[in-house]
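Below is one structure. I have some questions about it.
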Amino acid sequence: MKLHIVNRSPASHRVHEQALAAMGPEDRLLLIEDGVQGGLPQLVRHFEAIAGRLYAQREDLEARGLLGRCDGSVQVVDVDGFVQLTEQAEHTLSWY
Amino acid sequence: MRYAILLMGAPYSDQASHSALRFARALLARGHRLEAVFFYHDGVYNAARLSAPPQDEPHLTDGWVALHETHGVALQVCIAAALRRGLMDEREAARHGKAGHSVEAPFELTGVGQLVDLSQRCDRLVTFGP
Amino acid sequence: MSDEHEPLAGDLLVILRHAPHGSSWLREGLDVALVAAAFGTDVSLLFMGEGVTALVEDQSAGALGQKSTAPTLEMLEMYDIETLWVEAEALSRFGLDPDELMLAPRVLEAGAIAEAVRKHPRVLTF
Amino acid sequence: MSDEHEPLAGDLLVILRHAPHGSSWLREGLDVALVAAAFGTDVSLLFMGEGVTALVEDQSAGALGQKSTAPTLEMLEMYDIETLWVEAEALSRFGLDPDELMLAPRVLEAGAIAEAVRKHPRVLTF
Amino acid sequence: MKLHIVNRSPASHRVHEQALAAMGPEDRLLLIEDGVQGGLPQLVRHFEAIAGRLYAQREDLEARGLLGRCDGSVQVVDVDGFVQLTEQAEHTLSWY
Amino acid sequence: MRYAILLMGAPYSDQASHSALRFARALLARGHRLEAVFFYHDGVYNAARLSAPPQDEPHLTDGWVALHETHGVALQVCIAAALRRGLMDEREAARHGKAGHSVEAPFELTGVGQLVDLSQRCDRLVTFGP
């Protein structure tokens, strides 16, 4: 299992498509920074293909006022959870 | 586990440096070891010794230095990326016939080979891009 | 186009297209708007693309305590920056309702954006 | 997935996603690939997104005479970097025919990209 | 007439959509840097709405090996032509 | 006509600085006047006095200085954007209690007000973003 990290919004960039193309069936995807916009109900459909394997960083959602708006299908993790995801993954890939 | 971080965003221009520093602190808090932060692309600007952010904003360069002092984290700056961006230590300044310097210890100018080495030696290499 | 449907135009239109926290663009664009206003320029602001998320309520400090831009936005009125526009298409892309945004911006449909740009002698994009 | 359909995997996969000249990403990514190869690492290269335009023929120096990356690409073989992949979807987005590209890269369909990534113990994205 | 300048590729970014949304019926659009990718026949359809008012910078096409591939509907100008476009326009807007 | 340029991209990281310098030379060649280049956001890194690009690449900082010397183009660097990024002249260094400096004449540290002023005074303001 690899962990993919995306820090750009699917509203403006196609970076998330590159991450999705590179993901294997067990891989997980973590949204950080402006990438957490992808957790909004209107944008989360871009990640339908990886339902159950989508994460978003809590601190970044909070700072942007988006924590309460994040779709229920997204698993919200704090920075400690981010480190745990990297522990569990054999490798991480960043898409920026 | 042994971690390394590859940081490629300029400080204050985008969040990459903040995210990397936050992640570094969190992994150390979980008992892991952070071997090094490798600064590449615009990440090298984190090493600018004269940076003076407003007092109510985090001082990123000082943040990296503190990680070095407290946890022995190596701060490795890609020399090729640094020189063209105006970042050089005393030795490189002398070599280029310039007075003064813009990078100083504990930041060290080094080659891309160090990044390759880190990616082999460490259990995890996490990249923070701009 | 008839005059009565055109938005009121100032001297300088500043277009903000970036989200808070992810980069310094929003802050640096706002700085230009505030300084221009302090110099007596009649400034209009247009939040476009990811910039519309700058108006979401309940923002707070960033990863390492970086300042939020929300307090700066609340100072706009003090600087007499009263023309605030937000892009309709971006709102619907993000699923944001204009009524839940800070500062009650006026919503601009696609055609009205070009009109706003046309009416300003100077435009800066951030 | 059966082994016979999997691409040969090296130690390090370097993914290049940026066009030549517009930024230093392509050059800096290639530098990492070359140094890794010089250190004895078995390096694979994947050109993805705008990165596929790095393989267009007839490139030349940039705006103010900045060096082209094409000569560096021609050195890849000398460094024993022989696994060159290009993203099929990006080629079709740009309307590029694989036969007209430099270095005769192998075209990877969508599923094969995930497979290539999975098989490499280390991946760096530029 | 205003001159809009776009330096990002329509293959990866939505910046060109912002420029198009802001353009009036007389405005012109100049593609520079990675933006010149938009002159490729496969990508130029993004600019259908402004046919006849689309320009691309010759030096940037040349450096990328794209000059011969640029669609015939695009008006190719060198940097001197870029300056002329700014002379003719009452103002320029950059989208990056 | 009187032109001004707003440059917001870091040198060597993206093409913005190269495009701006090329455009500056072309407008001067057509007989226009270039009042100033205003460096903002990562564009401020163009002012780093210690930059040492490889000899076969254009030296952007020297390119700006040459425009100043030959055509009197003012090189105005936003002070707020500069300080947090490690760029300061001798005066700011003294004020911040630091030894050395990273920006020197003909680059001048100035406020955003100068940009507003340029946008009013000049016939054309052309922005080069990253």
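By letter and in written order, the chains are A, B, C, D, E and F; residue numbering begins at 1 in each of them.
As a convention for this text, a contact is a pair of C-beta atoms (placed from the backbone, for glycine too) under 8 Å apart; a residue touches a chain by one contact, two chains touch by 3 or more.
Because the structure is a prediction, the values reported are computed rather than measured.
Engineer: What is the shortest path, in steps, from chain B to chain F when you may only step between chains that touch?
Structural biologist: So the least number of steps between the two chains is 1.
Engineer: Could you tell me which chains are in contact with chain A and with chain B alike?
Structural biologist: C, D
Engineer: Superposing the C-alpha atoms of chain A on chain E takes a rotation of how many degrees, nearest 5?
Structural biologist: Rotating chain A by 180 degrees superposes it on chain E.
Engineer: Centroid of chain A to centroid of chain F, CA atoms only: how many Å?
Structural biologist: Centres of chain A and chain F (C-alpha means) sit 38 Å apart.
Engineer: Using the average of all C-alpha atoms in each chain as its centre, how far is it in Å between chain C and chain D?
Structural biologist: Once rounded, the distance between the two centres reads 40 Å.
Engineer: Please tell me the distance, in whole Å, between the geometric centres of chain B and chain D computed from their C-alpha atoms.
Structural biologist: 27
Engineer: Give me the residues of chain C that touch two or more other chains.
Structural biologist: In chain C, 21-24, 49, 62-63, 122, 125 touch at least two other chains.
Engineer: Listing for chain A: what residues touch at least two other chains?
Structural biologist: Each of 7, 11-12, 14, 33-34, 59, 91, 93-96 in chain A touches at least two other chains.
Engineer: What are the residue numbers in chain F that touch two or more other chains?
Structural biologist: Only 12-15, 19, 22, 41, 57, 125, 127, 129 qualify.
Engineer: Touching pairs of chains, all of them, please.
Structural biologist: So, checking each combination of chains, I get A-B, A-C, A-D, A-E, B-C, B-D, B-F, C-E, C-F, D-E, D-F, E-F as the touching pairs.
Engineer: Which bits of chain A are touching chain B when the two form their complex?
Structural biologist: Per the stated touch rule, the residues are 5, 7, 32-34, 59, 79-80, 82-84, 86-87, 91-96.
Engineer: Over in the complex, which chain E residues touch chain C? Could you list them?
Structural biologist: Interface residues on the chain E side: 2, 14, 18, 21-24, 27, 90-91, 93-96.
Engineer: Can you list the chain A residues touching chain C in their complex?
Structural biologist: Within the complex, chain A contacts chain C at residues 7, 9, 11-12, 33-34, 37, 40-43, 59-60, 62-66, 68-69.
Engineer: Show me the residue ranges of chain F that touch chain B in the complex, using the header's touch definition.
Structural biologist: 10-13, 41-42, 45, 48-54, 57, 61, 83-88, 92-93, 96, 98, 100-102
Engineer: Quick check: in the complex, which residue numbers of chain F touch chain C?
Structural biologist: Listed in rising order, the residues are 6, 40-41, 80-81, 111-113, 115-117, 119-120, 125, 127, 129.
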